[in-house]
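Take a look at the structure below.
To keep things simple, chains are lettered A, B, C and D as they appear, and every chain counts its residues starting from 1.
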Amino acid sequence: MHQIEPWVVLSFCSIIFFIGFTGVLIRRNILVILMSIELMLNAVNLTFVTFSKQLNHLGGQMSVFFIITVAAAESAVGLGLVIAMFRTLRSVDTDEIQILRE
Amino acid sequence: MLFWIPLFPLIGFLINGIWYAFGQAPAGRKKAGAGLPGAIATGAIFASFVVSLMIFIQLLGQDPEHRAVEQILFNWMSVGKFHVDVAFRIDALNTLFTLVITGVGTLIHLYSIGYMGHDETPGKFFAYLNLFCFAMLMLVMGSSLPVLFLGWEGVGLCSYLLIGYWYTDIEKAKAGKKAFVVNRIGDFGFLLGMFLIYSTFGTLDFESLRHLFGHAGSLPEGVSPQVITAISLFLFVGCMGKSAQIPLYVWLPDAMAGPTPVSALIHAATMVTSGIYLVSRLNFFYTGSPTAMSVVAAVGAFTAFFAATIAITQRDIKKVLAYSTVSQLGYMFLGCGVGAFSAGVFHVITHAFFKALLFLGAGSVIHGMHEEQDIWKMGGLKSKMPRTYWTFAVGTAAICGVPLLSGFFSKDEILWKAFSSPSGSPWLWFLAAITAVMTAFYMTRLFSLTFLGAPRFEVAEHAGHSHDHPGHDHGHDHGHGHGHGAKKVKGIAVHESPLLMTLPLMILAVLSIVGGYVGWPHASWIEHWLEPVVGGGHEAASGVSESLEWILMGVSVLGALIGILTSFRVYRNLSLVEAMTRNVQWLHKILENKWYIDEIYEAVFVRPIQVFSQLLWKGFDVAVIDRIVVGFGRVSQWTGETVRVIQTGSLQVYALMLLAGLIGTAGFLIYGWH
Amino acid sequence: MAGIDTHFLSWIVFLPLLFAFAGLLIPAKGTAGQTAMRLWTLLGSLITFGVSVSLYINYRPEGADFQFTETVPWISTLGASYALGVDGISLWLILLTTFLMPLAILGSFSAIENRVKEYYFLLLALETAMLGAFVSLDIFLFYVFWEAMLIPMYLLIGIWGGKERIYAAMKFFLYTLVGSLLMLVAIFYLAHQHKLQMGAYSTNILDLYKLQLEGGTFWSAQSILFLAFALAFAIKVPLFPLHTWLPDAHVQAPTAGSVILAAVLLKMGGYGFMRIGFPIFPESVAYFQLTFMILGTIAIVYGAWVAMVQPDIKKLVAYSSVSHMGYVIIGLFSLNEIGVTGSYYQMLNHGISTGALFLLVGVIYERRHTRDISAFGGISKVMPMFAIVFMIITLSSVALPGTNGFVGEFLILLGAWKVNPGLTAVATTGVIFGAVYMLWMFQRVMFGPVTNPENQKLKDLSLREWTVLAPLVAAVFVMGIYPNLFFEKLEPSIQRFIMKSTTNRTAPPQSLFSDNSK
Amino acid sequence: MDISPFFFYLFAGLAIACSTMVILKKNPVTSAFSLVLVFFAFAGIYALLDAHLIAALQVFVYTGAIMVLFVFVIMLLNADVPSFDLGRSHFLMRVSAGFSALVLLGIFVWAFKESSFHSIGGEFTLEKIEAAGGNTQVISELMFSEYILPFELTSILLLAAIVGAVAIAKRKLVGGRV
């Protein structure tokens, strides 16, 4: 039974990260986009923990702790925005929400 | 003790000025009469006259070679080696000026109390008048060029303020501005002269400069004559401005817009002579440069002649006197230009007496005629204004050069020096002598048109008119004052001026008679007195005998008499005058329009500069520079507009670009360095 | 207060900002609140002035080059530090700033009605930035303050300005920004040079004075760097032909903005030349001396001529600033003690007299809501006290002896004459044209009959306006009659400045074509 | 790394599969439930890596709190909106997104594989942590000593987020729609 090399774990993180990223790019439903962002955040968290383990340093895990907190805050605000937006525009379609352009 | 001389007028100015600014000027404050402000101002200037007299007496007792009183007040500027003190120095030359300024000044202040009696803002008037005296005294007492310049510009300012005193008439305000600007052109030359002096000699102090020069026209070592000439000419440009010489004389006739006492004090007796003061003060520069001397003499002689031609045809009593002043100033420069500085200064003094007298007399006439200034609308004032008549007659005789009056001595001295001095020439003498004839002519014309013959205006009955006219608003509405009195009463009720005004006239008349005796030919006290400062009068050039001097004197007296008599004859019969005028219509027109000099200046300098400035502003500032700047803005805007296409507003497109950028960066990091 | 002895300059610099932030707590709603806000700001600026006066008292001209110094490391990788210090050159500009600030604030008491709190906050923030720039002894810190000045001024013009305020504010912002960006690049280059020559990064100005840079030709390092700095400074001065932002900014800015802009911000340019431009690049100064003197002379004449035909009083005053600051440039570049002292003095003079002119224009603008010269006439009759003050300031502006303007212009021209008499003669014509445009404007506004019925009932100066103007009038005469008061504390610093700016510190030329074979 | 390859690959495979579902499934409810599975898989991997506290937090916070929030919002919005099941974006977009993601992923994997991660001797070895009372104990101690400032800041952030979320989502009572 061979060992799992760190790069394998890190590559796994990358895969999840880019899946998340692709999700952000290709989906039009803003809720799914938010979920994809959560996926990316998780991938990053895992990277931190991997390094923490590899380097015998707990800073990585501390960072994850903070990231989780921030992610929670972010999704709370994000979802709040979604609700507010939905109320105004009756839609969660990013193609219809292009106020930023003007 | 010296500082009291300028300090008294300054105190007077501050009292009157602050009282006016806070107590009289603001809306709703009580207007003061002329009495108290006038008394303050007169007292101030009289006090400084007394001090001047004391200084003079002190100087009398001193050894001629070291005849000077000095006082350093404080250090004005001190930068590196450049060091200027506010310091006064009175020697033989400027003690005469302080006496004239404070003496004649006192008389004119006194006169003003009467003249400005009905003015709206006498407080302001007397404040300005005192400020002027302060500046003028700084000018003549300053021991270095910057202090002199302080006074020089100060008198210019007061002149500006007083010419435009009745500023609600825009023409008068414009005349004030013109005076200031033309003077500034002169000051431009003055400044350049100062810079050149400082860069050449390293000092601006009169005494130090004089010591550098040593004696009698020798130049300091290592200084080229060209530099001396340049300095002299630069400074002379300043004198041209202040003393109204060609080509910068144009402001002085316009300056007559000011109240008449101002014309007497500033534009006849004192300020305009400061150019002569400067030239005499720096005589060592001029004697060191024959070129500069000839320029001064030529400009002086030509100005004297030129202004006299204009004076012959003027209708405004003050304008005639103004051109006469320009002409007389030309004489003074002629004197200085031929090396006879003491003769020039002598003429300054006698001129101060008789011209102040004439101006004040004219003021009295104008006062009596209710603001009428056109001599063609006067006549026959002899009986109505006897005191004015007699004093004016003395003044006229003095300026015409009637023997044994002051003008005769001083003018004759200049004429003789113009002929005999090494730098003089018969041509200068001839020009000056012609001018003397013309002077006699136009002054007699003025005199006879004003006082003799029958009145050429509607005479109102005298009943009920005292010397003082309550309800007659003198000065108020001055600009529209022509025939102002006539509107109220049918015709003009001519009256003699009050004693307050005629008393100074009488004193000045006496001075105009006796003032010349200090310069008795060949026994001239004044020449002797000034010798340590301006150098002795040059010995007559060889071959010029004393008999010639008597002959020339006889010629000039004869000329004056001819001028006077012709004028009397001509102007007794006015229809004859009209006929003569018609015969030489073109010349008369040119002269009456003052050779169109104002128009020429307007067309050659003023308009082009204005048009060009407009062009610079609209055509360069806005059209070129701004367009370039806006052009830069346009370019970046265009770039923005172009690049903007990819700004779709879609977050996902942005994210995709982010990704692409990331790939690019990663690619660079991997391959870029190889 | 803690550290007042050791951090004296920091206190002066940040005192206004402290007051500004404290002022945010004042509920500025309603008339009472607005009044409270105004008084609070005035108090803040007055206290700052008081503290700076004690700076004046404690400054010893015979003492060290820079006094009251403070140094705290800041950005170690760049070598930047928070270094403050005062010499004679900064001393008077600090006093000018703190002296004018209360007047500008008091002068805009009634002019500003909306967003009062923000307005005064920005004014105080601006004061901090200006003072900071004057005391910085670190070039990077100087840059930070320099840029920080831009923001409040931009907002002051853009929010409380006249009709075309947005255009003017943008123009002001872009002009200054363009200049300062090049300056930033040059700063980094200098820090790098310091690393190369001395072994460590430093942006301390005193360290940079010791740099040796190749100079003497146009494409040398010194010249390019000097031009990068000079562009920034010349835009601020403003030097012809980079002046066109000034008329717009002045005309559109609110009164206090104009006052501060003219009186202090323009001085930043001159100060920059004196603190940075000249002593760091002595050879380039010599190399570009004639160029800048010509530009300065053009500015004098050009500004005066264009001012002559302006229909708007503020624009006229703005162009007169161009003219007056032209004198500053020729005086500085004459590089002798007389000229430089005159230049420096002219900066102070210009601050006083142009500041006062803008305040006066503000006074009349508040009454009539126009600055069009042709709308006036005969004001002297209606507002005699106003006319008197206006006259005095006008005289100061045309440099009448006895007023402050004369001392500056006289010294400048005297100093410049030694370097280049021909140009000086041309520059001296500014004396004539200065009188023309100022007096012509004065005549059209003040003299003549009152033709416009709207001018009939104007109120004369109020007590508040007197309080604003009286110190300026006093300053005009004090500075004109006893300039030694200023020169005393200035002289050693100016002498050191000239020594640094004329000492040859060039590195041996590293030209490709240098012939070493001989 | 001394972790069980079996469990790692199990969890990893699950995570990859479920994340793909998240981004590909049309119905957000499906996506949400796939996401829950991803989170659980991650928690498993954390546990494998001896990060017990993180693993627990992952379950509590993500699956417990955040996912509930998501589902709650989906249900809140789901009512009577025909267009809720939104499809994917433009074809070109999808292709280029997928392509770039793959390229960058390739670069990442390559980079990770090429790099070597030496175990620099950090002080918190597994043994030490065990001796000090376990992962949770050590992290907690760190959190209240060395990391106290970020910790406090985070709490402020959370507070701000709560207030913000409420403020944003709150229906304005006056003036009709926001």
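A few remarks follow.
Quick note on the criterion: a residue touches a chain if its C-beta (ideal position, glycine included) is under 8 Å from a C-beta of that chain, and two chains touch if they have at least 3 such contacts.
Only a predicted model underlies this, so the values are computations on that prediction, with no experimental measurement involved.
Averaging the CA coordinates per chain and comparing them to the mean over all protein CA atoms picks out C as nearest.
By number of C-beta pairs in contact, A-D leads over the other of A-B and A-D. Centres computed as Cα averages put subunit A at a distance of 53 Å from subunit C.
Spacing of subunit A relative to subunit B, judged by their CA centroids, is 89 angstrom. Once the centre of each chain is set as its mean CA position, subunit A and subunit D turn out to be 6 Å apart.
Each chain gets one centre point, the mean of its Cα atoms, and the points for subunit B and subunit D are 94 Å apart. Multi-chain contact residues of subunit B (touching two or more other chains) are listed as 652, 656, 659. The multi-chain contact residues of subunit A, meaning those touching 2 or more other chains, are 21, 25-26, 95. Contacting chain pairs in the structure are A-B, A-D, B-C, B-D.
Contact residues of subunit D toward subunit B in the complex are 89, 93, 96-97, 100-101, 103-104, 107, 111. Only residues 21, 24-26, 94-95, 98-102 of subunit A touch subunit B when the two sit together in their complex. Residues 1-3, 5, 8, 12, 15-16, 19-20, 22-23, 28, 31-32, 35, 38-39, 42, 45-46, 49-51, 53-54, 57-58, 61-62, 65-66, 69-70, 73-74, 76-77, 81, 83-84, 86-89, 93-94, 97-98, 101-102, 104-105, 108-109, 112-113, 115, 117, 119-126, 135, 138-139, 142-143, 147, 150, 154, 157-158, 160-162, 164-169, 171, 177-178 of subunit D are the ones that touch subunit A when the two sit in their complex.
Residues of subunit C that touch subunit B in their complex: 170-171, 174-175, 241, 243-245, 247, 302, 305-306, 308-310, 336-338, 341-342, 377-378, 380-381, 384-385, 388, 395, 400-402, 406-407, 410-411, 413-414, 417-418, 421, 424-425, 428-429, 431-432, 435-436, 439-440, 443, 446-450, 460, 481-484, 487, 491, 495.
By the touch rule above, subunit B contacts subunit D in their complex via residues 652-653, 656, 659-660, 662-663, 666-667, 670.
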